[in-house]
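I've put the structures underneath this note.
Next come two complexes, and both contain chain A; in the first it sits with chain B, in the second with chain C.
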Partner chain A sequence: MRGVLARHWGALVLFGLTALTPLVVKDAFFLDSLVLILIWGALSAAWNLAGGYAGQVSLGHSAFFGIGAYSAALLATRWQQSPWLGMLLGVLVSVAAGAVIGYLSNRLRGPYFALSTIAFSQVLLIVASRWRGFTQGSEGIPVPFRPGFWTLGLGHVAWVYVALGLALVHYGVQVYFERSRVGYQLAGVREDEDAAEALGIASRKLRVFAVTLSAALTSVCGAFWAQYVGFVDPFYVFSVDLSIRFALNTIIGGVGTALGPFLGSILITSLETYLRATFAGVKTGFTGIYLIIYGCVLILVVRFVPEGLAGLAARLRAGVARSRERATDHAHA
Partner chain B sequence: MLTLERVTKRFGGLTAVREVSLEVRAGDLLGIIGPNGAGKTTLFNVIAGYYRPEEGRVLFDGRDVTGLPPHAICRQGLTRTFQIVKPFGNLSVLDNVTIGSLTKVTRLRTARVDAERVVETCGLAPYARARARALPIGLRKRLEVARALATRPRLLLLDEVMAGLNPSELAGMVELIRRLHGEGLTLIVIEHIMAAMMRLARRIVVLHHGERIAEGTPAQIASDRRVIDAYLGEEFVLAEA
Partner chain C sequence: MDPARLLGPAQIDALAQLGVSTILLGGIYALIAVGLTLIFGIMRVVNFAHGEFLMLGMYLAFWSFTLYGLDPYFVLFVSIPLFFLVGLLTYALVMRGVITASHNAQIFTTVGLSTALQNVALVAWTGDFRFVRPWHSSVVLRIAGTAFNLAQVVAFAIAVALTVALFAFMKWTHTGRVMRATAQDRDAATLMGIATDRVYRLTWAIGIACVGAAGVLVAPLYSVYPTAGLQFVLLSYVVVVLGGLGDMVGALLGSLIVAAVEVVGSYFFGTAWKEVLYFVLFIAVLVFRPAGLFGQRGAEMLGA
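What follows is the complex of A and B.
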């Protein structure tokens, strides 16, 4: 039990505070930001499974996000079905697409894999924006708000808890990737594939598994997001910007750590929300300024904390422990 | 236990291994020697499933394993180490070995206990928490052996695990291999350090230009004319005498 506390204290504090927030804060803008932080965090966590734990850096994860969003939106608008069913459909489609992308990862390495994922998301963008009869093309799909849990027509407070549940599940899957047989074997494959094979690990199968799971979880977030925001725009949900965002949150927060994607999401999402709200009204020319600040933050992180915010936290803790040791050493001397 | 039937491996126009046949029985400690480029490591790569031979078959326990992927061969009980060590650099020594254990043990907790035992056996206990990439070469070679051992092989292929070791590390490694062999493990060892090989192996096979040119006890090999010409040289014979 103490081990669990020591390992997950960051998550306990973070998710604990989030659970308490709606009891204290009633401000809709703040709660909205909180939901977005959690959803982007969960998405980045899903990306981390492939990009971090399996070492397969994808820049096309918006493909799976879009598949989830469109599945939920289309099922809700065309067949009046629950977004939960849409989510299930999205997962099935994403599993199939993820398996293909995962198979590609066995053929293509590093930048070539990343490029092929971008291409994949862009193909889906073209399909979604041109297939007017089915997807309403580039106009996008407004998702109707129908109150109730089954239809996911919820208030801000309820959304905080739905998003929190999502974040917790994704955090849990990441922890599983750290502390399980599969996780250890995946770490081996990431570090040295030949050595992993020599030790009896079916590296190709494992990598496909990680990428597929990552795709499925990304798709789940896409479905929730579509219901939350209420509008699915193909140029947004399949954009490269979005894919990069999943990657950036994770890189800034800490690649291959369970808490990292959430820390990254807190920093980036709140920064963006704040800057947009502040500068948008000042002058139209300032609307893009958050991108500049975004870029500066990335440069600073890569330069000074290449292991990400989670790594920074670990470093600080180690530093505190060391200075305490030194203090006791002095006391003894 | 392991049978090679006229195995041939070519790379383009170059025949790295030519019609090599080999028989390893349970309990053997077979040495493979030969000059650089003789095809020793290529032969290991063929046995362990990294290369598919153009001709010939590899039988392990009577089963044809030719062309199976490396992980499948390992799961049948045949594990190899790499001449150029391949530690999981960012992981601790214990985690490295645990990954090996997890091949036969499914529960993580059991695997960790198992790995601790193997780490102890290989004399790596003081470094169990150290990052693998921080280890000096002597310990990395040990880690390579420890990780392979953790998969509980019945046949272990060691590819130059003594190269680059200082005299005391070398003695330790010879001792470790002897002990493993004494506990019933069957081994094939590639090595350039003849002094160690002569003390260790029961039987030695000599490869030259991809072909098997001799096989016999260490004493027979040391006095074989072709082996002296191809590999050992006159100095070695004089030194031994």
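What follows is the complex of A and C.
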């Protein structure tokens, strides 16, 4: 138990505070930001499964996000079904698509894999924006608000808890990818594939598994997001910018760490909310200003803090521990 | 500016027209891709910001034309040294720090550069679609039952000239040999006394100069807006991968193949779905021929 506390104190503090917030804060704007932070964090966590733990950097994860969002929105508007069913459908489609992408990842590494994922998400963007009869084309789909849990027509407070549940599940899956047999095998494959295979690890299957799971979880977030935001725009949900954002949160927070994606999301989502609020009224030309900052932050983080916030914290802690050790050594001497 | 509209379909020989369109469009794609294949081939860096430099070149043509009435063909000569400097600057500020880092670090550095440049353009010049239309962009030539645009012919000629020049430069000059040596084995090149950091800086700057010039040349043919590069950049990767890493002549052939797919595809399926065709082609090439159609060695360095 102490071990669990020591390992996950950051998550306990973070998610504990989140759970308590709606009891104290009633401000809709603040709660809205909180929901978005949790959803973006969960999305980045899903990306982290493929990009971090399995080492397959995707720049087309918006494809799965869009599949989830479109499944939920289409089932809700065309067949008046629950978004929960839409989510299930999205997961099924994403598992199929994710398995294909996962299979590709066995043939393509690094930049080639990233490029092929971009191409995949672009194909879906073209289909969604041109197939007017089915997806309403580039106009997008407004998702109706129908009150109730089954239809996910919820208030802000309830949404905080739904998003928190989502975030906890994604955190848990990441921890599984860290501490389980599968997790250690993946780490082995990531560090030295030949050595891992020599030890009898089925590296190809593992990679497909990681990418597929990552795709499925991304599409779940997409379904929730469509219902929460209430509008699905093909040029947004399938955009490369969105895929970059999943990666950005994770890189800033710490690639291959369970808490990292959430830390990154807190920082980036708050920054975006703040800048949007500050610059929105000034001039329309300022809409891109936070993206300029993202771009520069990404370059700087990759260059100077490649281990991200979570890694930075670990480094500082190690530094403190070392200096404390040194202090006790001196005391003994 | 559809030449077919001026003539009427009956007077155009469909097959000849498809051929001519393919060659001219291929020239434009080669022009855009040649800088990318250079950087890809020598530095082994996938430059995700390639399309943004193209976009900056297009804006240079637009503003020179709109503010000072300068013809894009004149601006071309200014753009080459200008973008060479832009290349030196971005190399020093951005690329130098990650040149020996992992592929992932390089991917995200160039992605960050791409996002930043795109949005600098958005903030500075808004998202409006802009057009550069000098007198020669509407000149239509008609030869033997085909119709085509003068600007496309010029772009094609310059693309071929540039490809030949770079090919000759890489093959027969000392600097070119040094660059190829660095691409083949960085450590060995360093041991032979080659300052590899300078080679990378030069390669990057030449690559950016090429794509900047390409941007100026294609500005009269397409609309100019902050994300204009995105539609070309994925296509450039198809070209580069098809042609083989750093293979200038391969890139020219790859461009023709991509253009043929696009032209023939548009003819049969309509222009709305042509992108789907080349993205599918792209994934297929990556999966089945990652070393390029002509089996270029060196692809394994990217882990393909």
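FYI, the second predicted complex is superposed on the first by the 324 of 333 C-alpha atoms of A that agree within 3 Å, B and C clash if a C-alpha of one lies under 4 Å from a C-alpha of the other, contacts with A are read in each partner's own complex, and residues count from 1 in each chain.
As a working rule, contacts are C-beta pairs under 8 Å (C-beta built on N, C-alpha and C of every residue); 3 or more make two chains touch, one makes a residue touch a chain.
Since this is a predicted model, take the numbers as computed values, not measurements.
Chemist: Looking at the overlay, what does A:Tyr171 touch: chain B (first), chain C (second), both, or neither?
Modeler: Touch partners of A:Tyr171: none, neither chain B nor chain C.
Chemist: Using the superposition on chain A described above, determine whether A:Arg303 touches chain B (first), chain C (second), both, or neither.
Modeler: So A:Arg303 only meets chain C here.
Chemist: Is A:Ile244 touching the first partner chain B, the second partner chain C, both, or neither of them?
Modeler: second
Chemist: Looking at chain A, which partner touches more of its residues: chain C or chain B?
Modeler: Of chain B and chain C, more residues of chain A lie in contact with C.
Chemist: State whether A:Ile289 touches chain B only (first), chain C only (second), both chains, or neither.
Modeler: The second partner, chain C, only.
Chemist: Based on the superposed arrangement, let me know which partner A:Gly188 touches: chain B (first), chain C (second), both, or neither?
Modeler: Touch partner of A:Gly188: chain B, not chain C.
Chemist: Please work out whether A:Phe120 is in contact with chain B alone, chain C alone, both, or neither, and reply first, second, both or neither.
Modeler: After superposing on A, A:Phe120 lies in contact with chain C but is clear of chain B.
Chemist: Kindly list the residues of chain A that each of chain B and chain C touches, one partner per complex.
Modeler: none
Chemist: Across the complex, what residues on chain A touch chain C?
Modeler: Going through chain A, the ones touching chain C are 57, 59, 104, 107-112, 114-116, 118-120, 122-123, 126-127, 130, 240-241, 244, 247, 251, 284-289, 291-292, 294-299, 302-303, 306.
Chemist: Which residues of chain C touch chain A in their complex?
Modeler: That would be residues 46, 94, 97-98, 101, 103-109, 111-120, 122-124, 126, 226, 230, 234, 237, 241, 272-273, 275-276, 279-280, 282-283, 286-287, 290, 302-304 of chain C.
Chemist: Going by the contact rule at the top, pick out the chain B residues touching chain A in the complex.
Modeler: Counting only chain B, the residues touching chain A are 48-50, 69-72, 74-75, 79-82, 86-91, 95, 98-100, 102-104, 106-108, 111, 147-148, 150-151.
Chemist: Chain B touches which residues of chain A in the complex?
Modeler: That would be residues 179-181, 184-185, 187-188, 191-192, 194-203 of chain A.
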